[in-house]
Amino acid sequence: MILLNEVLLVYSLIVTTILTYMVVMTRDLVRAVILSACQSIFFSIALYCILAIDIVLVYLPVAVGIYSVVFLYAIRKTEHLEKPVVGSHKVVALIVAVGAILVVALIVHSIMSGLTGWTPSKIIRPLARFIISRTINYYEPEFWTSSPEAITATVWDYRGLDTFFEITVFYGAIVGCLALFRFIEVIFKEKLREVEKLPKELGLSLITKTVCRVVFALISIIAINIAIHGHLTPGGGFQGGATYVIGPLLIMVALSQYFLRRIGYEERKLILLRSLGLIAIALVALIPALLGGFVFQNQYKPWSPYIGYPPYVDNVWISGSIFLFNVFDAIAVATGFCLIFLVLSIPEEYFKKLLEVKP
Amino acid sequence: MSSMVLELNYVLFFIGITLTTIGAIFDVIASIGLLRFPEFYVRLHAATIGSIGGAVVPIIGVAILALSCTFLGPQRFFIFGCSIVIAMIIFFVAPVGSHAIARAAYRSRTVVPKYVVHDELRRVRG
Amino acid sequence: MGFSIETFLMNYVLYFIVPCFLISMTLYLIRLIKGPTIPDMVLATACIAYDACFFMCMLSIYFRNAYLILAAFCLALWAFILDLYVAKYLEARELGE
Amino acid sequence: MIVSYVIWVVCYSCLILTIFIALYGIITRPNLIKKIIAYTIFSDSINLFIVFLGYRRLPNAKIAVLPLKPTPEEIAMYEETAVDPLVQCLVLTAIVIGLAVILFFTFLAIQLYRLYGTLDSREITKKSRLRW
């Protein structure tokens, strides 16, 4: 029996291996970035073929849209050619090759001799069975989350604390980025005041500018749609936020960052919005605990006095706290990444000025 | 009445299959062109065939095909609408990508045109 | 036994259309790996992205699930974004200007 | 039966090879940006490997999204055919957080270039007073 998705899966994985080799071996960094973007397109086909639609929705913007522009920014700010490797890494290459061959042989052997059971599994683990059968079960509602989307329900209800600490890591990474580039806004503010009258020549050609404005609107609509329907259809806060970031990024590349700053994307405002989003997530998680339930409680549980968030309001299905979490998380993720890209797009000469000022 | 609907399904099905097949053939032709043409500005033609003929036409084919697939239930109208919108987006957006990269390649002198007979653009820009 | 749309569609897609697209994707990949200049590689990547978009539409019929087409929607919206990034990289001094 | 074995052996071998090639890139390439690119591929292939563990080889496999008002029969049907939601949930957050961490790495690399004038890790080691 040949399944269509598995043909594509095998093809894309083989291609991925070849492209990874090319990425590692090219010396021109721009070529490496293009090859790795192509490689991530094939990865997303593979993810699509194993039916992980939520992962595809978050992987597509992150890998195809954001990684490449981050690396191009970095290459433009630094250097675009790798210096040749002097000497040889024969020992490392040998160790890696032997390790890879050993692991592959081990896996082939264990699949062939049946150690891993029926490896393309026809059953799933008991925990996954539990989640799928309880997530929208009206007939035994002790463990239900009232959300038909099992993945978003797992992210924000069954494993809520895990997600909360992941968001803490995200917060820490963004604070670290901003701390590395601190004091720059003092110098860059003066330039921004001059740039009230924008020169027309900034950005790409007129055709590109016009189309990018339309695509910006479309991307925003799709992102909001993914975020606020996250509890009913594939999607959620992380996906919506990551999708939204592509829009400002497109404007920044096609129409210059000064345009983006003029339409209202400013550092202070974005920091404020991101903090509000994070505080709102913490509040929504803590309110049940203050009212007698436990942290991250969503629906009514027989052993907890808190009555739970309502599954629907006025005939609109919102799945309790999951809708709120999705919206606030999308705001936090989108504004956090926009902030980083605004800081990243400040021209290099101002940093040089800043480094000269310091002793 | 029901036989009418059934026959309409067959008509839609064959239209969809035809469009998808045309798209597949176009895509093979475009890829051969992209591989065999001698220079970047010549390869642009092949790449545009690959995006419009090789993606827009078969996606419209998939949309019409989805309408005829009664085993999908009411979901087929959703797939139809989304595919049409996707085809329109690609139709709208793919030429912009080619335009931007060609303009950048010309203006930054990354690729110097070899097979050019008369370069009006250079005369204008100086 | 009458003519069944479903069986015919699955067989035709599996044995004709998907191989055609896989062949053309392989040829695009050869151009991507050979590509003498950077714009050539970008063109090949864009073509591969549009093909991937088609595959996603096709597979949503194959899996009989309409939600899956959302991914194709997203990919179609920013399949051309690498063109813009590289164009900007080639043209401008700094990417933000 | 044999088709399924072949498919699975090829898939696992390709993924393992990708992981090891990316690891080789991280170790041996001198440029820091190149190291970060190899690191993204490394983390992405490990994520893909995790998602793989939740796949079911069924011709009528379904995504883990149920209808809004399911009957008991529908719930039982989804239990039999849907893919594993737990691994997807783990990877979903890992990708976004990984992006934030990679941005932090990139910022560090740019700052290193400003201070040392190069991104070559060997020269940075030479120029800095750190010897190890």
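Order of writing sets the chain letters: A, B, C and D. Residues in each chain are counted from 1.
Here is the rule we use: a contact is a pair of C-beta atoms (placed from the backbone, for glycine too) under 8 Å apart; a residue touches a chain by one contact, two chains touch by 3 or more.
Computed from a predicted structure; not experimentally measured.
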Exercise. Counting C-beta pairs in contact, does A-D beat A-B or the other way around?
Worked result: A-D
Problem set entry | Mean-CA-position distance for subunit D and subunit A (Å) | 12
Exercise. For subunit A and subunit B, what's the span in angstrom between their mean Cα positions?
Worked result: 29
For this session: Compute the distance, rounded to whole Å, between the mean C-alpha positions of subunit A and subunit C.
Result: 21
Seminar exercise, completed: Averaging C-alpha coordinates per chain, one finds the centres of subunit B and subunit D separated by a number of Å equal to 31
For this session: Two or more other chains in contact with one residue: find those residues in subunit B.
Result: 89, 93, 96, 100, 103-104
Exercise. Which residues does subunit D have that touch at least 2 chains other than itself?
Worked result: 61-63, 65
Seminar exercise, completed: Residues of subunit A that touch two or more other chains sit at 2, 51, 53, 73, 75, 77, 204, 208, 215, 218, 233-234, 344
Problem set entry | Contacting chain pairs - touch in the sense defined above | A-B, A-C, A-D, B-C, C-D
Seminar exercise, completed: Residue positions on subunit D within touch of subunit C in the complex are 60-63, 65
Seminar exercise, completed: Per the touch rule, the subunit C residues reaching subunit A in their complex are 10, 13-14, 18, 22, 25, 29, 32-33, 38, 41-42, 44-45, 48-49, 52, 55-56, 59, 62-63, 67-68, 70-71, 73-75, 77-79, 81-82, 84-89, 91, 94-97
For this session: Name, in rising order, each residue of subunit D that touches subunit A in their complex.
Result: 3-5, 7-18, 20-25, 27-31, 33-34, 36-38, 40-41, 44-45, 47-48, 51-52, 54-59, 61-70, 72, 75-76, 78-79, 82-86, 88-89, 91-97, 99-104, 106-111, 113-114, 118-120
Seminar exercise, completed: So, in the complex, the side of subunit A touching subunit B is made of residues 204-205, 207-208, 211, 214-215, 218
For this session: Provide the residue numbers of subunit B that touch subunit A in the complex, in ascending order.
Result: 89, 92-93, 96, 99-100, 103-104
